[in-house]
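Let me begin by presenting the structure, written as structure tokens, before commenting on it.
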């Protein structure tokens, strides 16, 4: 079974900033898809903001098992209809891995229902990500911590819901901490937020970061068939109630009528 | 200290359906505000969909500690800007109590980030809500269960995130079950979803249901001052880092620049 | 990779009650191991209370990936040293599936830290278990609900911690509800509590119950190597701190000294 | 309403180590009770290990709303019967605040069901506790973080269950991080673990630490009457079932018989 993975990137800084271009000449998406494709059982493609429908037509999302999302300056340019589509596919069972500044992306904010705000500093300081649960599938092949010599700082409070699991907590040279790896279940879909990934440092060339992302793709994959009617609210008519009952009391709806929404 | 409570209702069925009008001649909102106002330390007002800004101008929301929300047929008529405003106030610390068919309201879906779908049947069947945690403040003054002779059925799966606490689970005569009382924390705000409340039955005239709602208002109240910048993502400049650090590595942002969002 | 599964049973009622003996002539453990062994990738053995060390010597537990536990009348006869051993193996990564009246078993109470109490009635009434999350691996191959014509009733409140996931909720003919499928993570180990299994009904001969247990064994399996020092609290000496620091302030421990516990 | 608070201390180091004695001449328990007693609505007493029943006879625990626990070297000397008593009172609704090295105390391990292990270093390094949720009642009156010039380091992984809420995360000068403030609900009781408190530093003389503990006492207080039969598993006889049912199927128990445990 191959996990059909799609790496989405707004693909802006790589075309407008020399530091980023030099690190990721083909874009962050291509770098990530590159190392994912070296893994057995994973096939990765890419999609970017400038493409038609941002590279995310319905048919393509329907054929995607796990979506990775990197965005930063262009969050506002992502069309709401595409955000709806991504969120719905997560509810149906598509895995989602949100990267770094994607904390402020529309799909993540839609799925969290919170501001997803944080404090930040771009000083190239040292970061150390500590694994809170060493037995978690996402941290396998990595030691008790990952050290990044240069990182953008993200600091608490991080305005997200309490996670299903806290997987990583970061220490920063400048004195802050951050919950850098968090898991969520939303409908049939699994979500992993992973903090590192600032575009001016070679984060995605780091083998341990790559290992975490490979693990996360496997973790987020739900082999169950898509829950296609996850958002439907079907009426269960009286004659189909599991227990035999009689209609009683006042009624608003006529028999067989659709519910309101 | 008085808890400033606002009861919101779309106020449609009471004006278009005789069964509902007879039960709630002044509207569900007036009935709920009525029994809340009999409680010491709670002052309740009402707001409805047809009012300007749906009765929810910013200044009024800013002066609201706990908002109750009843909606059904008119969910789609609630303006997105008002939904944003309500969600932001919850993140800042306003409590929110979502009633019955409000499961499909825009504010609840926005705050949950999930479809909030379920199965339903309007057959006037018996419902029994079991208290899962008898020591929870929301269930005080109610016995181990609440029995409603006539209720609309809501059945699992209920597509919401795992709650902070499951407070009530319902048994239905027709054979289904439902998580009927769920708590969430979103930002500084506490949210309680409470299932009963179908408009064709005298649910809000039931003393035990009233007791639960009074308890829920007290529970959802956050006495802390509003977290007004909860959605801001401030830069922490190098010279204000808690630990003394030096700027290193490449940089995308100029000193003092705003972050992207 | 084969999941090494061990089915533990106190094996009392089958030898002292004719109803139970007729249903499970070789014991509940043998019935469960029987259908597990028909699955590819699972190998199941059994252990019972009367055996030496209750059939759970350290070496055998160390070679067990997933343990299933059925107990009822003889909970008190399980030695505390064996309970410690089981709990420690769960913390190290062994999966644990607790069956029915095992809610009051020593290992479950030890791992939950709560009374694990509930209300009960042995009336052979109908039970219907509703899947709360249809996409969960434990409910695959089962429809939206499982109906048991005869079951012992367990009713809320069930005194356990809030679970990681509520997988099943039961409806009972007599009017109660129960959270019948709950997942927990404790250390490196995954725990699933599954309610059905009363010994006077042919519960474990039901194909849907069997399917749930097969799924649960696969779900609870942690392929990661055992976290053998999960309970250790090692000192990190100053010279091995990730960041260079100097010893400061008063001190209780001498260099290299063990911590207290 | 006065919150009847009891501060428990093993009271060993203060009598055997000069550094500790100088900081807390009357014991850590007396220092904590001292500042608690200056708060309106809180009355604090103390209990220590050497007293009869460790100062925790049943009647005294029954009259305690919130218990604070400090232990370190003498964990093993706490009698199991007293541990059972404390855990049962928490299940009934008594609040529990576990301090620092109390992570390895018997009551905390009993209530968590996990090893509660961690990594540590006694180097007097700087610690900064970050508030994850600034609106939480426990962090009121404290800024966005608390800085301790000298602290013992505790590092992740901390082997506890996922908490209800992560309230504080610590940054340490030596490079580690730790979840320093965690909340749990167990039965009717609320539990708060708070990391700082090493006996060789004047932690409990710090006004911000004192503020957190005062807040925590108020937070942990459950005004509801004790759930005295929280551990009971009563039979609900057929004739008392909420819905009218008939006895069916085989039976193990005789009418009116007690359940097994």
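Letters A, B, C and D mark the chains as written, and numbering starts fresh at 1 in each.
Please note the rule applied: a contact is a pair of C-beta atoms (placed from the backbone, for glycine too) under 8 Å apart; a residue touches a chain by one contact, two chains touch by 3 or more.
Everything numeric in this text was worked out from a predicted model, so none of it was measured.
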Provide the labels of all chains in contact with subunit B and in contact with subunit C. A, D
More than half overlap in residue numbers between the two sides of the subunit A-subunit D interface, or less? Answer same or different. same
Just how far, in Å, is the C-alpha centre of subunit C from the one of subunit A? 31
Computed distance of Cα centres, subunit D from subunit A, in Å: 36
Report the inter-chain centroid distance for subunit A and subunit B in whole angstrom, where each centroid is the mean of the CA atoms. 27
Residues of subunit C that touch two or more other chains sit at 128, 133-134, 155, 162, 164-165, 171, 175-176, 185, 187, 242
Going by the contact rule set out above, which residues of subunit A touch subunit C in the complex? 93, 128, 133-135, 137, 140, 145, 147, 164-165, 171, 185, 187-188, 222, 224, 227, 242
Residues of subunit B that touch subunit C when the two form their complex: 128, 130-134, 144, 155-158, 162, 164-166, 169-172, 175-177, 179
In the complex, the residues of subunit B that touch subunit A are 13, 17, 19-20, 72-76, 87-88, 91, 101, 104, 110-115, 117-125, 150, 153, 155, 159, 161-162, 164, 173-176, 184-187, 198-201, 230-238, 241-243, 245-253, 259-261
